[in-house]
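Labels run A, B and C following the written order; every chain starts at residue 1.
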Amino acid sequence: MKFHTEYLTFNTKKPREYIHITPQVEAAVAKSGVREGMVLVSAMHITAGVYVNDNESGLIHDIDEWLEQLAPFRKDYRHHQTGESNGDSHLKSMLVHHEVTLPITGGKLDLGPWQRVFYAEFDGQRAKRVILKVMGE
Amino acid sequence: MKFHTEYLTFNTKKPREYIHITPQVEAAVAKSGVREGMVLVSAMHITAGVYVNDNESGLIHDIDEWLEQLAPFRKDYRHHQTGESNGDSHLKSMLVHHEVTLPITGGKLDLGPWQRVFYAEFDGQRAKRVILKVMGE
Amino acid sequence: MKFHTEYLTFNTKKPREYIHITPQVEAAVAKSGVREGMVLVSAMHITAGVYVNDNESGLIHDIDEWLEQLAPFRKDYRHHQTGESNGDSHLKSMLVHHEVTLPITGGKLDLGPWQRVFYAEFDGQRAKRVILKVMGE
(Lines give C-alpha, C1' and ligand atoms only; values in the text may rest on other atoms or scores of the structure.)
Protein backbone atom coordinates (compact mmCIF):
# COMPACT_ATOMS: atom_id res chain seq x y z
CA MET A 1 0.00 0.00 0.00
CA LYS A 2 1.26 3.44 -0.93
CA PHE A 3 0.73 6.80 0.75
CA HIS A 4 1.76 10.23 -0.36
CA THR A 5 1.13 13.42 1.62
CA GLU A 6 1.62 17.00 0.48
CA TYR A 7 0.74 20.37 1.92
CA LEU A 8 -0.13 23.33 -0.29
CA THR A 9 0.06 26.87 1.10
CA PHE A 10 -2.01 29.79 -0.17
CA ASN A 11 -1.79 33.45 0.76
CA THR A 12 -4.52 35.22 -1.19
CA LYS A 13 -4.53 38.91 -2.06
CA LYS A 14 -8.25 39.28 -1.41
CA PRO A 15 -10.27 38.11 1.62
CA ARG A 16 -12.27 35.75 -0.59
CA GLU A 17 -10.76 33.85 -3.52
CA TYR A 18 -11.39 30.64 -5.45
CA ILE A 19 -8.19 28.95 -6.58
CA HIS A 20 -8.09 26.19 -9.18
CA ILE A 21 -5.90 23.40 -7.76
CA THR A 22 -6.55 20.44 -10.09
CA PRO A 23 -2.98 20.65 -11.46
CA GLN A 24 -1.49 20.36 -7.97
CA VAL A 25 -3.75 17.40 -7.13
CA GLU A 26 -2.82 15.68 -10.41
CA ALA A 27 0.87 16.23 -9.68
CA ALA A 28 0.52 14.68 -6.23
CA VAL A 29 -1.24 11.64 -7.70
CA ALA A 30 1.54 11.26 -10.28
CA LYS A 31 4.26 11.54 -7.61
CA SER A 32 2.52 8.98 -5.38
CA GLY A 33 2.76 6.18 -7.94
CA VAL A 34 -0.75 5.11 -6.90
CA ARG A 35 -2.64 3.41 -9.77
CA GLU A 36 -5.85 2.57 -7.88
CA GLY A 37 -7.12 4.46 -4.87
CA MET A 38 -8.32 7.81 -3.62
CA VAL A 39 -6.96 11.24 -2.80
CA LEU A 40 -8.29 13.31 0.07
CA VAL A 41 -8.07 17.07 -0.53
CA SER A 42 -8.82 18.93 2.67
CA ALA A 43 -8.55 22.51 3.88
CA MET A 44 -6.69 22.70 7.20
CA HIS A 45 -8.60 25.80 8.30
CA ILE A 46 -12.12 26.50 9.51
CA THR A 47 -12.69 29.52 7.28
CA ALA A 48 -11.92 27.83 3.95
CA GLY A 49 -13.29 25.01 1.83
CA VAL A 50 -12.56 22.61 -1.00
CA TYR A 51 -15.08 21.83 -3.72
CA VAL A 52 -15.41 20.39 -7.22
CA ASN A 53 -17.13 22.39 -9.93
CA ASP A 54 -16.60 24.33 -13.14
CA ASN A 55 -13.51 26.43 -13.89
CA GLU A 56 -15.57 29.24 -15.45
CA SER A 57 -15.08 32.78 -14.19
CA GLY A 58 -18.76 33.77 -14.45
CA LEU A 59 -19.84 30.80 -12.37
CA ILE A 60 -17.15 31.51 -9.79
CA HIS A 61 -18.57 35.03 -9.52
CA ASP A 62 -22.07 33.55 -9.08
CA ILE A 63 -20.83 31.16 -6.38
CA ASP A 64 -19.24 34.02 -4.48
CA GLU A 65 -22.41 36.16 -4.62
CA TRP A 66 -24.58 33.21 -3.65
CA LEU A 67 -22.41 32.32 -0.64
CA GLU A 68 -22.59 35.94 0.51
CA GLN A 69 -26.39 35.79 0.27
CA LEU A 70 -26.74 32.52 2.19
CA ALA A 71 -24.00 33.22 4.76
CA PRO A 72 -23.65 37.01 4.79
CA PHE A 73 -21.15 39.19 6.56
CA ARG A 74 -22.84 40.53 9.68
CA LYS A 75 -21.52 42.47 12.64
CA ASP A 76 -23.69 40.74 15.21
CA TYR A 77 -22.55 37.12 15.08
CA ARG A 78 -22.11 35.77 18.58
CA HIS A 79 -18.66 34.54 17.52
CA HIS A 80 -17.54 38.17 17.32
CA GLN A 81 -17.67 38.51 21.09
CA THR A 82 -14.29 36.72 21.01
CA GLY A 83 -12.85 39.68 19.10
CA GLU A 84 -13.10 37.96 15.71
CA SER A 85 -15.05 39.47 12.79
CA ASN A 86 -15.17 36.45 10.49
CA GLY A 87 -18.33 34.62 11.55
CA ASP A 88 -19.53 34.59 7.95
CA SER A 89 -16.29 32.89 6.84
CA HIS A 90 -17.00 29.95 9.15
CA LEU A 91 -20.56 29.60 7.82
CA LYS A 92 -19.39 29.81 4.20
CA SER A 93 -16.86 27.09 4.99
CA MET A 94 -19.61 24.85 6.36
CA LEU A 95 -21.78 25.44 3.29
CA VAL A 96 -19.03 24.56 0.81
CA HIS A 97 -17.62 21.75 3.01
CA HIS A 98 -13.94 21.57 3.84
CA GLU A 99 -12.86 18.43 1.97
CA VAL A 100 -13.44 16.18 -1.04
CA THR A 101 -12.36 12.62 -1.75
CA LEU A 102 -11.49 11.94 -5.39
CA PRO A 103 -11.09 8.57 -7.14
CA ILE A 104 -7.87 7.45 -8.85
CA THR A 105 -8.09 4.90 -11.68
CA GLY A 106 -5.21 3.78 -13.91
CA GLY A 107 -2.86 6.23 -12.21
CA LYS A 108 -5.02 9.28 -12.93
CA LEU A 109 -7.69 11.37 -11.22
CA ASP A 110 -10.95 9.78 -12.39
CA LEU A 111 -13.01 12.96 -12.79
CA GLY A 112 -15.76 13.82 -15.24
CA PRO A 113 -14.96 16.05 -18.22
CA TRP A 114 -15.79 19.34 -16.46
CA GLN A 115 -14.92 18.53 -12.88
CA ARG A 116 -12.20 20.76 -11.43
CA VAL A 117 -10.96 21.02 -7.84
CA PHE A 118 -11.02 24.40 -6.08
CA TYR A 119 -9.66 25.81 -2.86
CA ALA A 120 -12.17 28.35 -1.55
CA GLU A 121 -10.69 31.01 0.71
CA PHE A 122 -13.14 32.93 2.91
CA ASP A 123 -10.70 34.75 5.23
CA GLY A 124 -7.45 35.14 3.36
CA GLN A 125 -4.49 37.47 3.18
CA ARG A 126 -2.45 35.13 5.37
CA ALA A 127 -0.74 31.76 4.81
CA LYS A 128 -3.23 28.88 4.90
CA ARG A 129 -2.77 25.20 4.13
CA VAL A 130 -4.45 22.36 2.25
CA ILE A 131 -3.49 18.72 2.77
CA LEU A 132 -3.40 16.24 -0.13
CA LYS A 133 -3.29 12.62 1.03
CA VAL A 134 -3.07 9.95 -1.69
CA MET A 135 -3.79 6.36 -0.66
CA GLY A 136 -3.91 3.16 -2.71
CA GLU A 137 -1.75 0.73 -4.66
CA MET B 1 -5.82 -4.86 -1.14
CA LYS B 2 -8.87 -4.97 -3.37
CA PHE B 3 -10.36 -2.34 -5.66
CA HIS B 4 -13.54 -2.40 -7.67
CA THR B 5 -14.72 0.40 -9.95
CA GLU B 6 -18.09 0.78 -11.65
CA TYR B 7 -19.77 3.53 -13.58
CA LEU B 8 -23.54 4.04 -13.48
CA THR B 9 -25.26 6.05 -16.21
CA PHE B 10 -28.51 7.97 -15.75
CA ASN B 11 -30.63 9.73 -18.34
CA THR B 12 -33.52 11.29 -16.46
CA LYS B 13 -36.87 12.23 -18.00
CA LYS B 14 -37.15 15.43 -16.01
CA PRO B 15 -34.54 18.18 -15.53
CA ARG B 16 -34.43 17.45 -11.79
CA GLU B 17 -34.75 13.95 -10.32
CA TYR B 18 -33.67 12.08 -7.21
CA ILE B 19 -32.76 8.46 -7.91
CA HIS B 20 -32.38 5.85 -5.19
CA ILE B 21 -29.11 3.99 -5.89
CA THR B 22 -28.49 2.00 -2.68
CA PRO B 23 -29.13 -1.29 -4.52
CA GLN B 24 -26.46 -0.49 -7.12
CA VAL B 25 -23.96 0.49 -4.43
CA GLU B 26 -24.70 -2.71 -2.48
CA ALA B 27 -24.22 -4.76 -5.64
CA ALA B 28 -20.84 -3.14 -6.30
CA VAL B 29 -19.71 -3.87 -2.73
CA ALA B 30 -20.79 -7.51 -3.12
CA LYS B 31 -18.95 -7.85 -6.45
CA SER B 32 -15.78 -6.30 -5.00
CA GLY B 33 -15.32 -9.01 -2.38
CA VAL B 34 -14.24 -6.28 0.06
CA ARG B 35 -15.08 -7.20 3.69
CA GLU B 36 -13.58 -4.13 5.38
CA GLY B 37 -13.18 -0.76 3.71
CA MET B 38 -15.00 2.13 2.10
CA VAL B 39 -16.89 2.92 -1.08
CA LEU B 40 -16.72 6.33 -2.73
CA VAL B 41 -19.91 7.27 -4.61
CA SER B 42 -19.30 10.36 -6.70
CA ALA B 43 -21.17 12.21 -9.42
CA MET B 44 -18.93 12.84 -12.44
CA HIS B 45 -20.77 16.05 -13.37
CA ILE B 46 -20.90 19.55 -11.95
CA THR B 47 -24.69 19.84 -12.09
CA ALA B 48 -25.51 16.75 -10.04
CA GLY B 49 -24.94 15.45 -6.53
CA VAL B 50 -24.89 12.37 -4.33
CA TYR B 51 -26.37 12.35 -0.83
CA VAL B 52 -27.60 10.05 1.93
CA ASN B 53 -31.07 10.52 3.37
CA ASP B 54 -34.57 9.04 3.57
CA ASN B 55 -36.27 7.18 0.71
CA GLU B 56 -39.61 8.86 1.38
CA SER B 57 -41.40 10.58 -1.50
CA GLY B 58 -42.73 13.48 0.61
CA LEU B 59 -39.27 14.31 1.89
CA ILE B 60 -37.81 14.11 -1.61
CA HIS B 61 -40.44 16.66 -2.68
CA ASP B 62 -39.45 18.88 0.27
CA ILE B 63 -35.76 18.60 -0.63
CA ASP B 64 -36.48 19.64 -4.20
CA GLU B 65 -38.53 22.68 -3.14
CA TRP B 66 -35.94 23.68 -0.55
CA LEU B 67 -33.07 23.47 -3.05
CA GLU B 68 -35.05 25.66 -5.46
CA GLN B 69 -35.53 28.22 -2.68
CA LEU B 70 -31.87 28.32 -1.65
CA ALA B 71 -30.39 28.05 -5.16
CA PRO B 72 -33.19 29.28 -7.45
CA PHE B 73 -33.36 29.30 -11.22
CA ARG B 74 -32.54 32.82 -12.34
CA LYS B 75 -31.93 34.32 -15.74
CA ASP B 76 -29.21 36.70 -14.61
CA TYR B 77 -26.45 34.39 -13.40
CA ARG B 78 -23.10 35.56 -14.73
CA HIS B 79 -22.47 31.97 -15.87
CA HIS B 80 -25.20 32.44 -18.48
CA GLN B 81 -23.00 34.81 -20.46
CA THR B 82 -21.32 31.63 -21.75
CA GLY B 83 -24.63 30.62 -23.37
CA GLU B 84 -25.57 28.22 -20.57
CA SER B 85 -28.83 28.53 -18.61
CA ASN B 86 -28.09 26.14 -15.75
CA GLY B 87 -26.38 28.36 -13.16
CA ASP B 88 -28.84 27.16 -10.53
CA SER B 89 -27.92 23.52 -11.25
CA HIS B 90 -24.29 24.22 -10.34
CA LEU B 91 -25.30 25.91 -7.07
CA LYS B 92 -27.69 23.08 -6.17
CA SER B 93 -24.84 20.64 -6.82
CA MET B 94 -22.59 22.56 -4.44
CA LEU B 95 -25.28 22.60 -1.74
CA VAL B 96 -25.91 18.86 -1.91
CA HIS B 97 -22.22 18.01 -2.44
CA HIS B 98 -21.11 15.74 -5.25
CA GLU B 99 -19.85 12.68 -3.33
CA VAL B 100 -20.19 10.52 -0.24
CA THR B 101 -17.86 7.96 1.31
CA LEU B 102 -19.63 5.01 2.91
CA PRO B 103 -18.20 2.43 5.33
CA ILE B 104 -18.08 -1.32 4.61
CA THR B 105 -18.05 -3.77 7.54
CA GLY B 106 -18.33 -7.54 7.32
CA GLY B 107 -18.79 -7.35 3.55
CA LYS B 108 -21.80 -5.00 3.72
CA LEU B 109 -22.56 -1.30 3.55
CA ASP B 110 -22.51 -0.21 7.20
CA LEU B 111 -25.39 2.26 7.07
CA GLY B 112 -27.94 3.21 9.72
CA PRO B 113 -31.47 1.78 9.44
CA TRP B 114 -32.89 4.67 7.36
CA GLN B 115 -29.83 5.77 5.41
CA ARG B 116 -30.25 5.45 1.66
CA VAL B 117 -27.98 6.71 -1.13
CA PHE B 118 -29.36 9.06 -3.79
CA TYR B 119 -28.16 10.44 -7.08
CA ALA B 120 -29.50 14.00 -7.39
CA GLU B 121 -29.86 15.24 -10.96
CA PHE B 122 -30.15 19.01 -11.45
CA ASP B 123 -29.71 19.25 -15.22
CA GLY B 124 -30.84 16.00 -16.71
CA GLN B 125 -32.38 14.63 -19.89
CA ARG B 126 -28.96 13.49 -21.10
CA ALA B 127 -26.60 10.64 -20.17
CA LYS B 128 -24.68 11.38 -16.97
CA ARG B 129 -22.35 9.20 -14.91
CA VAL B 130 -21.65 8.26 -11.30
CA ILE B 131 -18.47 6.45 -10.24
CA LEU B 132 -18.49 3.79 -7.52
CA LYS B 133 -15.01 2.97 -6.22
CA VAL B 134 -14.75 0.23 -3.58
CA MET B 135 -11.47 -0.04 -1.67
CA GLY B 136 -10.41 -2.36 1.16
CA GLU B 137 -9.63 -5.96 1.98
CA MET C 1 -3.62 -3.13 6.00
CA LYS C 2 -5.34 -2.24 9.27
CA PHE C 3 -8.98 -1.45 9.98
CA HIS C 4 -10.60 -0.33 13.18
CA THR C 5 -14.33 0.30 13.59
CA GLU C 6 -16.11 1.92 16.52
CA TYR C 7 -19.63 3.11 17.14
CA LEU C 8 -20.38 6.08 19.37
CA THR C 9 -23.86 6.55 20.82
CA PHE C 10 -25.36 9.92 21.75
CA ASN C 11 -28.61 10.66 23.55
CA THR C 12 -28.90 14.43 23.74
CA LYS C 13 -30.99 16.32 26.28
CA LYS C 14 -32.13 18.90 23.73
CA PRO C 15 -33.57 18.33 20.25
CA ARG C 16 -30.57 20.12 18.70
CA GLU C 17 -27.05 19.84 20.06
CA TYR C 18 -23.49 20.12 18.76
CA ILE C 19 -21.12 17.66 20.45
CA HIS C 20 -17.35 17.94 20.25
CA ILE C 21 -16.04 14.46 19.37
CA THR C 22 -12.38 15.06 18.42
CA PRO C 23 -11.18 13.21 21.56
CA GLN C 24 -13.18 10.11 20.62
CA VAL C 25 -11.85 10.20 17.04
CA GLU C 26 -8.27 10.63 18.30
CA ALA C 27 -8.73 7.68 20.66
CA ALA C 28 -10.01 5.48 17.81
CA VAL C 29 -7.00 6.42 15.67
CA ALA C 30 -4.64 5.57 18.56
CA LYS C 31 -6.34 2.21 19.15
CA SER C 32 -6.20 1.33 15.46
CA GLY C 33 -2.41 1.45 15.29
CA VAL C 34 -2.74 3.11 11.87
CA ARG C 35 0.22 5.43 11.12
CA GLU C 36 -0.82 6.47 7.59
CA GLY C 37 -4.38 6.55 6.35
CA MET C 38 -7.81 8.05 6.83
CA VAL C 39 -10.69 7.90 9.26
CA LEU C 40 -14.30 8.15 8.15
CA VAL C 41 -16.60 9.75 10.74
CA SER C 42 -20.20 9.31 9.70
CA ALA C 43 -23.58 9.83 11.33
CA MET C 44 -25.75 6.72 10.98
CA HIS C 45 -28.98 8.77 10.97
CA ILE C 46 -30.71 11.02 8.46
CA THR C 47 -31.46 13.80 10.95
CA ALA C 48 -27.88 14.36 12.14
CA GLY C 49 -24.56 15.46 10.69
CA VAL C 50 -20.81 15.50 11.21
CA TYR C 51 -18.68 18.56 10.48
CA VAL C 52 -15.30 20.13 11.19
CA ASN C 53 -15.12 23.67 12.56
CA ASP C 54 -14.28 25.74 15.64
CA ASN C 55 -14.96 24.63 19.23
CA GLU C 56 -16.16 28.10 20.25
CA SER C 57 -19.53 28.41 21.97
CA GLY C 58 -20.49 31.69 20.27
CA LEU C 59 -19.88 30.22 16.82
CA ILE C 60 -21.84 27.09 17.69
CA HIS C 61 -24.74 29.36 18.64
CA ASP C 62 -24.38 31.18 15.30
CA ILE C 63 -24.32 27.89 13.39
CA ASP C 64 -27.52 26.77 15.11
CA GLU C 65 -29.34 30.04 14.34
CA TRP C 66 -28.11 30.01 10.76
CA LEU C 67 -29.25 26.43 10.15
CA GLU C 68 -32.67 27.33 11.52
CA GLN C 69 -32.84 30.25 9.07
CA LEU C 70 -31.81 28.22 6.03
CA ALA C 71 -33.75 25.06 6.92
CA PRO C 72 -36.48 26.24 9.30
CA PHE C 73 -38.95 24.23 11.29
CA ARG C 74 -42.23 24.35 9.39
CA LYS C 75 -45.50 22.54 9.88
CA ASP C 76 -46.23 22.10 6.21
CA TYR C 77 -43.40 19.91 4.95
CA ARG C 78 -44.75 17.18 2.71
CA HIS C 79 -42.74 14.68 4.79
CA HIS C 80 -45.11 15.35 7.69
CA GLN C 81 -47.93 13.54 5.91
CA THR C 82 -46.18 10.37 7.12
CA GLY C 83 -46.87 11.45 10.73
CA GLU C 84 -43.35 12.81 11.27
CA SER C 85 -42.69 16.42 12.32
CA ASN C 86 -38.94 16.59 11.68
CA GLY C 87 -38.71 17.68 8.04
CA ASP C 88 -36.39 20.51 9.02
CA SER C 89 -34.02 18.03 10.74
CA HIS C 90 -33.55 16.19 7.43
CA LEU C 91 -32.78 19.44 5.57
CA LYS C 92 -30.35 20.60 8.27
CA SER C 93 -28.62 17.21 7.98
CA MET C 94 -28.23 17.69 4.22
CA LEU C 95 -26.83 21.19 4.67
CA VAL C 96 -24.20 20.12 7.19
CA HIS C 97 -23.48 16.80 5.42
CA HIS C 98 -23.48 13.53 7.30
CA GLU C 99 -19.81 12.53 7.14
CA VAL C 100 -16.22 13.71 6.99
CA THR C 101 -13.02 11.92 6.01
CA LEU C 102 -9.95 12.98 8.00
CA PRO C 103 -6.27 12.33 7.22
CA ILE C 104 -3.93 10.39 9.53
CA THR C 105 -0.18 11.11 9.36
CA GLY C 106 2.47 9.73 11.70
CA GLY C 107 -0.19 7.99 13.78
CA LYS C 108 -2.17 11.17 14.48
CA LEU C 109 -5.15 13.05 13.08
CA ASP C 110 -3.58 15.51 10.63
CA LEU C 111 -5.86 18.49 11.30
CA GLY C 112 -5.14 22.21 11.22
CA PRO C 113 -4.65 24.06 14.51
CA TRP C 114 -8.33 25.01 14.97
CA GLN C 115 -10.07 22.10 13.28
CA ARG C 116 -12.35 20.14 15.61
CA VAL C 117 -14.84 17.38 14.76
CA PHE C 118 -18.49 17.77 15.77
CA TYR C 119 -21.53 15.56 15.85
CA ALA C 120 -24.56 17.72 15.01
CA GLU C 121 -27.84 16.43 16.37
CA PHE C 122 -31.02 17.78 14.77
CA ASP C 123 -33.62 15.42 16.23
CA GLY C 124 -32.27 14.15 19.51
CA GLN C 125 -33.50 12.93 22.86
CA ARG C 126 -33.05 9.31 21.78
CA ALA C 127 -30.02 7.05 21.24
CA LYS C 128 -28.28 7.74 17.93
CA ARG C 129 -25.03 6.40 16.51
CA VAL C 130 -21.89 7.58 14.73
CA ILE C 131 -19.49 5.18 13.03
CA LEU C 132 -15.72 5.72 13.11
CA LYS C 133 -13.85 3.63 10.55
CA VAL C 134 -10.06 3.90 10.51
CA MET C 135 -8.23 2.50 7.50
CA GLY C 136 -4.54 2.47 6.61
CA GLU C 137 -1.20 0.97 7.61
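Please note the rule applied: a contact is a pair of C-beta atoms (placed from the backbone, for glycine too) under 8 Å apart; a residue touches a chain by one contact, two chains touch by 3 or more.
Keep in mind the model is a prediction, meaning the values are calculated, not measured.
Enquirer: Graph of touching chains, which shape: line, ring, star, complete, other?
Expert: The chain contacts form a complete graph, every chain touching every other.
Enquirer: Same or different interface residues for chain B and chain C, judged by whether over half of the residue numbers are used by both?
Expert: Different residues, largely: of all residue numbers at this interface, under half are found in both copies.
Enquirer: Centre to centre, by mean C-alpha position, how many angstrom separate chain B and chain C?
Expert: Centre-to-centre distance between chain B and chain C: 20 Å.
Enquirer: If I count partner chains per residue in chain B, which residues reach a count of at least 2?
Expert: 1, 70, 95, 97, 101
Enquirer: Touching chain B in the complex: which residues of chain C?
Expert: 1, 3, 5, 40, 42-46, 70-71, 77-82, 87, 90-91, 93-95, 97-99, 101, 129, 131, 133, 135
Enquirer: Spell out the part of chain A that touches chain B in their complex, as residue ranges.
Expert: 1, 36-38, 51-54, 56, 58-59, 61-63, 66, 70, 95-97, 100-103, 105, 110-112, 114-115, 136-137
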